[in-house]
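Going by the order they are written in, the chains are A, B, C, D, E and F; count residues from 1 in each one.
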Amino acid sequence: MEQDIRIADMNVGQQVQGFYVLKDIRCKTTTSGSPFISARLMDATGEMEAKIWNYSGPITEEDSCKVMLIRGEVSEYNGTPQFVIQKICLASADDHYDVKELVPSAPLEENEALAEVREILASIDDGEYRRLCQAMLERHLDAFLMIPAAKSVHHAFRSGLLMHTLNMMRAADFLSQLYFEVIDRSLLLAGTFLHDFGKEREMVRSELGLVTDYSAPGKLLGHLYMCAQEVCELAREQGMSEEKTMLLQHLILSHHGKLEFGAAVEPQCAESELLSIIDLMDSRMEIYAETLADTQPGSFSGKNFGLGKAVYRHT
Amino acid sequence: MEQDIRIADMNVGQQVQGFYVLKDIRCKTTTSGSPFISARLMDATGEMEAKIWNYSGPITEEDSCKVMLIRGEVSEYNGTPQFVIQKICLASADDHYDVKELVPSAPLEENEALAEVREILASIDDGEYRRLCQAMLERHLDAFLMIPAAKSVHHAFRSGLLMHTLNMMRAADFLSQLYFEVIDRSLLLAGTFLHDFGKEREMVRSELGLVTDYSAPGKLLGHLYMCAQEVCELAREQGMSEEKTMLLQHLILSHHGKLEFGAAVEPQCAESELLSIIDLMDSRMEIYAETLADTQPGSFSGKNFGLGKAVYRHT
Amino acid sequence: MEQDIRIADMNVGQQVQGFYVLKDIRCKTTTSGSPFISARLMDATGEMEAKIWNYSGPITEEDSCKVMLIRGEVSEYNGTPQFVIQKICLASADDHYDVKELVPSAPLEENEALAEVREILASIDDGEYRRLCQAMLERHLDAFLMIPAAKSVHHAFRSGLLMHTLNMMRAADFLSQLYFEVIDRSLLLAGTFLHDFGKEREMVRSELGLVTDYSAPGKLLGHLYMCAQEVCELAREQGMSEEKTMLLQHLILSHHGKLEFGAAVEPQCAESELLSIIDLMDSRMEIYAETLADTQPGSFSGKNFGLGKAVYRHT
Amino acid sequence: MEQDIRIADMNVGQQVQGFYVLKDIRCKTTTSGSPFISARLMDATGEMEAKIWNYSGPITEEDSCKVMLIRGEVSEYNGTPQFVIQKICLASADDHYDVKELVPSAPLEENEALAEVREILASIDDGEYRRLCQAMLERHLDAFLMIPAAKSVHHAFRSGLLMHTLNMMRAADFLSQLYFEVIDRSLLLAGTFLHDFGKEREMVRSELGLVTDYSAPGKLLGHLYMCAQEVCELAREQGMSEEKTMLLQHLILSHHGKLEFGAAVEPQCAESELLSIIDLMDSRMEIYAETLADTQPGSFSGKNFGLGKAVYRHT
Amino acid sequence: MEQDIRIADMNVGQQVQGFYVLKDIRCKTTTSGSPFISARLMDATGEMEAKIWNYSGPITEEDSCKVMLIRGEVSEYNGTPQFVIQKICLASADDHYDVKELVPSAPLEENEALAEVREILASIDDGEYRRLCQAMLERHLDAFLMIPAAKSVHHAFRSGLLMHTLNMMRAADFLSQLYFEVIDRSLLLAGTFLHDFGKEREMVRSELGLVTDYSAPGKLLGHLYMCAQEVCELAREQGMSEEKTMLLQHLILSHHGKLEFGAAVEPQCAESELLSIIDLMDSRMEIYAETLADTQPGSFSGKNFGLGKAVYRHT
Amino acid sequence: MEQDIRIADMNVGQQVQGFYVLKDIRCKTTTSGSPFISARLMDATGEMEAKIWNYSGPITEEDSCKVMLIRGEVSEYNGTPQFVIQKICLASADDHYDVKELVPSAPLEENEALAEVREILASIDDGEYRRLCQAMLERHLDAFLMIPAAKSVHHAFRSGLLMHTLNMMRAADFLSQLYFEVIDRSLLLAGTFLHDFGKEREMVRSELGLVTDYSAPGKLLGHLYMCAQEVCELAREQGMSEEKTMLLQHLILSHHGKLEFGAAVEPQCAESELLSIIDLMDSRMEIYAETLADTQPGSFSGKNFGLGKAVYRHT
């Protein structure tokens, strides 16, 4: 019996015991009438199909995405590995496990990243923009540190939003100097920091920070609208000028770049144009990073859904 | 000298005196150094090119879209009529003229139309939706009665928004019965009534109610966003339920039907789908009405910009 | 043994006997060389996978979509229900069953619906349009009462065309009053009534009225062309004026609204524009009705093929 | 005074007398109240702006596109040549002039071209297709010999349809051999010969064969539909088989290749696919011929409207 | 035991021995731990799923697409035939088999086709174009005779490029006469002959000439670019004029017709326009030939990937 | 008489003498037969319509875009200024004038910019990439310093390519650190430096460095192809590895990002994806800079052709 072996390291035939997440739980019945559970075993390193044969509870579909103490064997079905669970119970408050080992997370240290975000915010010259950003950060601090930036396309892991936002702020900082003639650094940095805060309400999360779905407001209103609206209210509370309030909302509403990509309006000032390009660039680079990690040097990946094409990892 | 003859009735050679609107005023100088004004003479029946030769004020470009007392002669230049102004002064507070004869207006009686709008609103079963609509109406009553529904494409005349909204409410009332299985009448009527209130902030108007331009917030935020945002704030003040507040915003944000037509999100419930179709239908029918009015039976119009095609007026 | 239990009510383990339709019949052989039939069991309430093991006739693939007297057991395979047929024979002329219980039908009473269609036709002021419509109705009466409006997207059930046409005529009646300034009610109602008659030749039907495929003329010529052509011939027989004959054909040829949606020409008069919008509206509303019927309040449907998106059923 | 000098050879300052066509006649008045006519002087070699100063008839706008005996002087206005007419009268029945010198015509000998068309038709193996084509030819012989193939894009000159059809038949003849495995030569040749016969009703022509406009049926029904319909009626009169009648109509209805280019249905058999390609090819090659004729070797033409691009004439 | 029976003729239950190709070899393990091979058995007449149970070598995935001597039985699994291999070894140098019976080939005699290509090349009047073509032919002779024209869409068989090129040259020869006014025959024939030579480097081939994948340069540079570049180098070596060198490259770079179809530039001279149409035509006709071969007369094919639609085989 | 007054500072009525560029020269004749020249007077600050009345040489259309010594008066015609030239002669070799005052130039110091480019090139770690870049720089040094980056859309002034390339290299340098996980800095910098070298052959320039047109190879082959080809040849001469040679060509061929924007292939590795985004970003930012320079704070520009929209200059 091996303890807490990571899913990426499991081999057919091993007996395993440890803490894992069980997601996509579905309760079924075999042709012969025997109840069983079909699910996905998950930790930070990967996923594997899982079965609990002859099982009628107490674990049910409601327990999807929770941490469990599991014992079982790595088997194989139709050429793909399958984990056959022999013993299972929900992890209790007393159990010791590291959430970061159970769900995939951004490759950064949260506190360092947060400190850098705070430092850049503090460097915003315009007091109105700076205060609003700092207030938004404190109001949403927990979510900002934890949520992914998307459900599946890119940065779809714990702290993905933090990673995406910080990278974009670094780029915005540099580019506002390169294009200092047309770019108001304060406006660009504020818009960059704020642009994706609406994602908190757009996605439904489990207690572990896993995104299980998009929410009804997320689909019916969109994260651009929800973010712009909250920023507008806060701006009024803080007495920000009309012009700056309008510009901040415009940056948020237009950051998808084109109407057909979901922008509520298209970018019409230099800062919104540049923000939409930085967002595109950071998303694309992260998709490349995630895709090339699974590709051999000198060969092509499979077709990537987000990019709409296969990509080459050179030697 | 003929008094107050309408522009549609003017003939070359006539001497004319009366109240008209002068718009698009531009102060220029001839090659020989003589100052003159080039402008458009306008009343409810049409427009005509106009000139004031050898003129250096006091009328300036700032006076565009104001009512003036004008005397002059209908002349012709390069085959098109041109009004040569001989005497001009701004209308004063004491002057008597009927604004409806000077700017084009919707073919309806404002008070009757308003009464019908109020009557339909009163028939909304759901109290939360009804109260919000009634509050919005009183808050924006003046603008709702006067503003056009667009700068140029359709309903681009005084009270155009009132006419467009009332026609759509009549259609929504009927169609909510025809499709009663899937349509919540209260929601559809509320969304229909509210959908274009953002146009008030989207357009810049002269004191006569003429649209001179789109405003900066109109272009940078869009009327869908501004309307949804105000409705959301009012709904919260009135304690409307989360679900209904979300649905109303969704109807407003999606009423352009497709992302590429400027919808912030696409319609995703039966009422928003139907609202976007009613809006399309009423706009199209009004464009036909305006276009066919200038077309001979049995012939085609010129290419219409809003429809992207020429249309046929049958016999 | 339960008699004539509806498919929607069947549970695993039940023994069932009754009249059902068997469609998509395919004759196969197991690895061990034993012949069997794979098919779909159908009635008005739904469908279920079906098998006849060890069976070599007399039922063959030619008997697809016919009524049969069937005995068998509701079983399960791979988590989905499967009906195992033990005894089967074609229904004979003497058998008593109600076709409406065996194939899905529109939620209306055919005779009432027909009466309303006739009444609206009788109200068409223009005698030439009215006579032509009435002649088309009598000529195609059987098909008009029975055929679906489509193979799968919407109104894909018995009397679907009748339901679609009647609903559109009701809307056309109302809207021709709302837009009386630009709409010739007689032309709009005639075009609305006639627009989909070409579907009779476009689809291949079984004797039960089930659409099994599109016909060769349906694909190579299209229902718009076939309908316009027949209307043109009938109009000439009846001595209709050239202008009206042209307009009727135009309404039929353009009712898909845009070239890329299959319109032979785009709408170029007010009545054809409005007809194309009414057709779009009625199709969309019916897709919503069919989709939302399978969706829980407060949740989203799966992605609908006809709409190209998931839709929300509000509470 | 020079007699009958061609427009392409006129120089500023020349006195000219002869037969010409006057088109786009518009009766106007100068600012000083003097009546004059503005028009275009035309013959087979080109066009020139023309004026008749101080003229009040009897020539009016109704006489556009007629042959006239004209005397005048080649002048210049704003850097472009302008023909000032001093004397003008309608040509009478007794006048001698050659229509081919007055309107642009296809570079072919009509009788030879017609003979070749007849010869290819006679070589169609299938008697049903052959007879129908021959009957259509005799029925429309006059128009087939004279009309252009379009109003402006390509082959927009006398006998343009004859030239376009003959060239396509030559190509169809060759290609039906190259692709004999999939192409039925009789069907392809019949469809090629017939495909544009609807253009006769689609365009409004002057007595000289000049296209002055598209007709109402041309715009509201389209030439594809009108041609397919007539072919269908004739095929039924002649007792053609259902399959062949359907195929001929399909070739005609689909020859624009794609829905967005105006095809009523898209090509779905090898012959309709090939016909749409031959039509595209012959139109494109003729546009090149017309465009390159006005382009110097080694340089680019201006942007051509039909091709949507400038083209290069190599050395 | 039947010898060398063709795959298209195999029936369930037969014992077979002979030379075949094994492709898509994948080494797997059953749930019970037993190693096996899953692959596709192939010859010129078709393909069949194949298994080697309880097999651990020496054949491995590296041996995909090689010729093997195979003994086994035609079985069935899930209603589709499956070949169970009992004995297998790689064909040796001494074995006698005909490659043409093992891989699908173009329906032509290679030497005759090559002779015709050479003859047309010899007829090119322009010596510079002719010499370059002849040099390219000799340099790439082996590949030109053997490679397919594509991996899957059309002409995806041995000598497919030879067949595609020859057919296009025949068409180009004829059409350069039909459009002699605008087409330089030498340029068109040279461009037609050369246009697809880049496919040799674009595709990865097995020793049997089967295309197993696109190459990295094929995807990252494209066959248009690689071909134009080589032609440019050879043209310079041979001292071809600047203008002709440019034109040849232009024809190659633009032969996909439109940017969105992969043309590096769009056709801008008559010869490149015509070449792109001929290429489209020959590809389409071959897709029809391959599709209709599997379709019954009077019925429709399944949806074809290359055409984006189903096609009709008439009677 | 004022000496060398800049065009941006000229006022109607001034007598002026100095060195200017005369472009778009056209020789014409007035109605009364008098020869004159119509042209555009230009210097680094702007342009103005110009006329030389009663002039028959020696200046002709061939002298367009040359420097001339000009005397004349600033007049006005139809409300726009017009320069009436009274005396004119070509500047001779002895004349003293500063080219930078006569043609618009990038706002940078050429030698400093070149030094920075050289410095970044020297920092490329990979010796193969670095040597190739340095060789290209020396080979094209004169053109690289002087030519614009486009004819009209952006950077359409002297040294525009230098400015565009340097800005992009600065961005590439920073971003290769931000995305160091997926970006090979050497490859990205080399591709960025090289990507637009093909513009030298794409554009036709006057001796002053003004772009007068696109060249025939520029239109028929495109600058992407010409650049990739030259880089490929040089790489082979220098013995660069196959993989790196392929990657460099790929970056150049794909830098327009999408096929429909003129990319010969779409980006398929992280560096080409990023290069296409940097190119887009720098072009857009420069268009904003050029557009906003002519726009008042708090207002919108006119519609910009390159962006396809109007843009807002905030306060």
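Things to note:
Here is the rule we go by: a contact is a pair of C-beta atoms (placed from the backbone, for glycine too) under 8 Å apart; a residue touches a chain by one contact, two chains touch by 3 or more.
What you see is a predicted model; the values in this text were computed from it and never measured.
Here the chain-to-chain distance from subunit A to subunit D, counted in touching steps, is 2. Separation of subunit B from subunit D in touch steps, taking the shortest path, is 1. Put simply, the C-alpha centre of subunit B and that of subunit E have 63 angstrom between them. Taking each chain's centre as the mean of its C-alpha atoms, subunit C lies 45 Å from subunit D.
Across the assembly, subunit A contributes residues 216, 219-220, 247, 268-269, 298, 300, 310, 312 that each touch 2 or more other chains.
Taken as a graph of touching chains, this assembly fits none of the simple shapes: it is neither a line, a ring, a star nor a complete graph. Inter-chain contacts, as defined above, occur between A-B, A-C, A-E, A-F, B-C, B-D, B-F, C-D, C-E, D-E, D-F, E-F.
If you check the complex, the residues on subunit A that touch subunit F are 167, 170-171, 174-175, 178-179, 181-184, 187, 243, 247, 266, 268-270, 273-274, 277, 280-281, 284-285, 288-289, 292, 298, 300, 309-315. Listing the residues of subunit C that touch subunit E in their complex gives 28-31, 33, 216, 219-220.
Note for the complex: subunit B touches subunit D at residues 12, 75-77, 79, 298, 300, 310, 312. Every residue of subunit F that touches subunit E in the complex is listed here, in rising order: 216-217, 219-222, 224-225, 228-229, 232-233, 246-247, 249-250, 253, 259-262, 264-265, 268-269.
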